[in-house]
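Chains: A, B, C and D, in written order; residue numbering restarts at 1 for each.
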């Protein structure tokens, strides 16, 4: 059975900004914040750190940054789905803009993930690509709003609403995340208030002056927005 | 400083034939045989298992199956050299026939490995490619004799001698391994006796009836050949 | 303005089975059959033959087998959309199973084709991929039924109906072609009768005993099916 | 038999800066200058323009910008060597920095070119890569001096001499070209005087105010340098 995610949630990745022990430190900070604010946190760790992060944290939901669709056998440098699962990964990121995949590979790799009960976190570069990928029924869709670059806040929120509507019109159960250029906890709060089920940040945190502190604030913002939404809906 | 390798040595990889705990079991068997026969063993482990293999073995020399040349930063699904090093890798395989690289990427990635004191284990598809790559001065060259496919034993040995001569004429310090289709410990013995400084086997072992036992025999054959070579040279 | 296509139509490609003058001969045979049977024929020619095929035929609709999304400038070995247009191409094949593209590249390249009034002929590996690509509103969709391989005729026809329905439910104006393993003119006839707006064949024709004759028969079958459909609808 | 090249020669490419009729105009200008100054000119044309350039020029040596190693058959978007030959190409550029190739593909594609008597024009990113590729015995080597970027003129000439020596030490018959950032006819003259057997320019010409005029001047400079070298050697 796939790991259950409670929305709204937070997602972060170290990409390759840090490595080794710094990844574990960052994961522990994320885990502590996840528990402190009672917010689910998806944590994308490099292949080499997956097992260590999973074994040394309690509540993080650990994702691999990519995998191949291959079956056990040859493929010395390929990333085997079973190997990720065995290392403790609970899900996998696919089609990140830094590792775009062919449409066919996306579909086949989602199938492999589903076989192994790995959560599928799929990135898209536009609303229409998000809709196209929604037809494959991933667990989470993260549409990077390339249309949005250079635009102001108001259109941002229009984008958020439009992409959520576009994806949900195809499959209501897909969780929709916003993760484009998030650098402040206020943005995290605002996106959740606008209806986003998740917010993600990687570079925004890791290139900040105090990553662990900003990470905690952002996760707290998810909690705060959740409470304010609950009040609004009372 | 790079890890020192004593020739003749043995090299094995799990590719993606096995995963998770089975990799650790296989690594422990390799480590035990390495100690039992006093033979250096290079062990290529999947990214996810590098740290665990390194931490749970004493004598294995642990290699990653591939890496990118990128610097710390973006590149969510790329394999960062510093991450491999931090996970315990002592070297890296480059240009494996299952993950061919551009000439330029091979050169740049060797440079990155050297910066981090990672051993470079480079594969080549022919004698002339081995010679070309010898100009980049890797630590180990593994020329897969595609010319040899379908040929008999006699030409095999001619190939072994020719490829060693070709590589050594460019850089005497490069260690030359034979690893094409090795399935028996007798082949391991014969190749070392012929002048090969290393023999490798992955599929041949992992698709055999009793991998751990065959692995041990092959490593013992390296030891036996070393002794017989020493006697011959007395 | 894009070239208008009248359905039902026929599509063929030489892939790389033939080259040079043989491509022109084949194109002339297709052109003659197109005129003889009053059937539109899409002809996919290698880059090197696009201009010659276009200049030496009257009625063929000439397609390039692929293009990149780049703008004029660098990219010495890339296929520039403007260069195809200038050579006489009226459209382009994208995402063929022999040249799969990333989702993002497909979207951007469709945009480039639309800018230049080039017809977009998009391949998909399954019904769900066809649906996903339908969201990008290409002119023609060619879903290769990999689900179908090894199956009999009855399920084939079920597939045809299902894929047409799936694509049309998203965009009625997209023309849907069948081109999987077509080797006889009877299959061409049957697929058109079943509601397919186009049938394609490349390997099936070019590896046959008499390609020009089989090509003519297949194109005639499109005409015959068109007439029989007209009668049925009277 | 391969087309014979007389050194010193000039090489130019349109990359994708221009397309359609502008390519033919540029080719005609190159052809006229080739005849006027009695200098061999290698002209790299896009796939779509190869036949037209070859048929409409007298003296140009026409090269394709890339090819695959495949044999006739499938591979709809691949560039078949036989198709280039049939279109009039006399040679092919391989491993351009805008289309880097795996080491293995370079070797196999050189073999295919030799089978078809196509000249091989191979690019390298550094002196050591040029040396490595010299082992494959291409007809022409074009080492792009990435080491040189940002350096002054004196070290440039040191680079020219060093790369020529490095390549010739492996195979004296390989022609060595300089083509990095050439923007003036004086540079063309100086490189030939320094011992370079060829100079190339693409962007430098095509982004200049008057490309046809600069092209003519550069080709004239090859002739002038040839004469001055002859005098010097009297």
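Note that in this section contacts are C-beta pairs under 8 Å (C-beta built on N, C-alpha and C of every residue); 3 or more make two chains touch, one makes a residue touch a chain.
All figures in this text were calculated on a predicted structure; none of them were measured in a lab.
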item	value
Copies chain B and chain A - interface residue numbers shared by over half, same or different	same
Whole-Å separation of chain centres (CA-atom averages), chain A against chain C	38
Centre-of-Cα separation between chain B and chain A, whole angstrom	37
Computed distance of Cα centres, chain D from chain A, in Å	48
Multi-chain contact residues (two or more partners), chain A	none
Touch-based graph of the chains, sorted into line, ring, star, complete or other	ring
Which pairs of chains touch, using the document's own definition	A-B, A-C, B-D, C-D
Chain C - residues contacting chain D, complex	13, 15-21, 44, 46-52, 65-66, 70, 72-80, 82-87, 93, 96, 98-99, 202-203
Parts of chain A lying in touch with chain C, wherever the complex brings them together	95, 97, 100-107, 124-126, 128-129, 131-133, 135-136
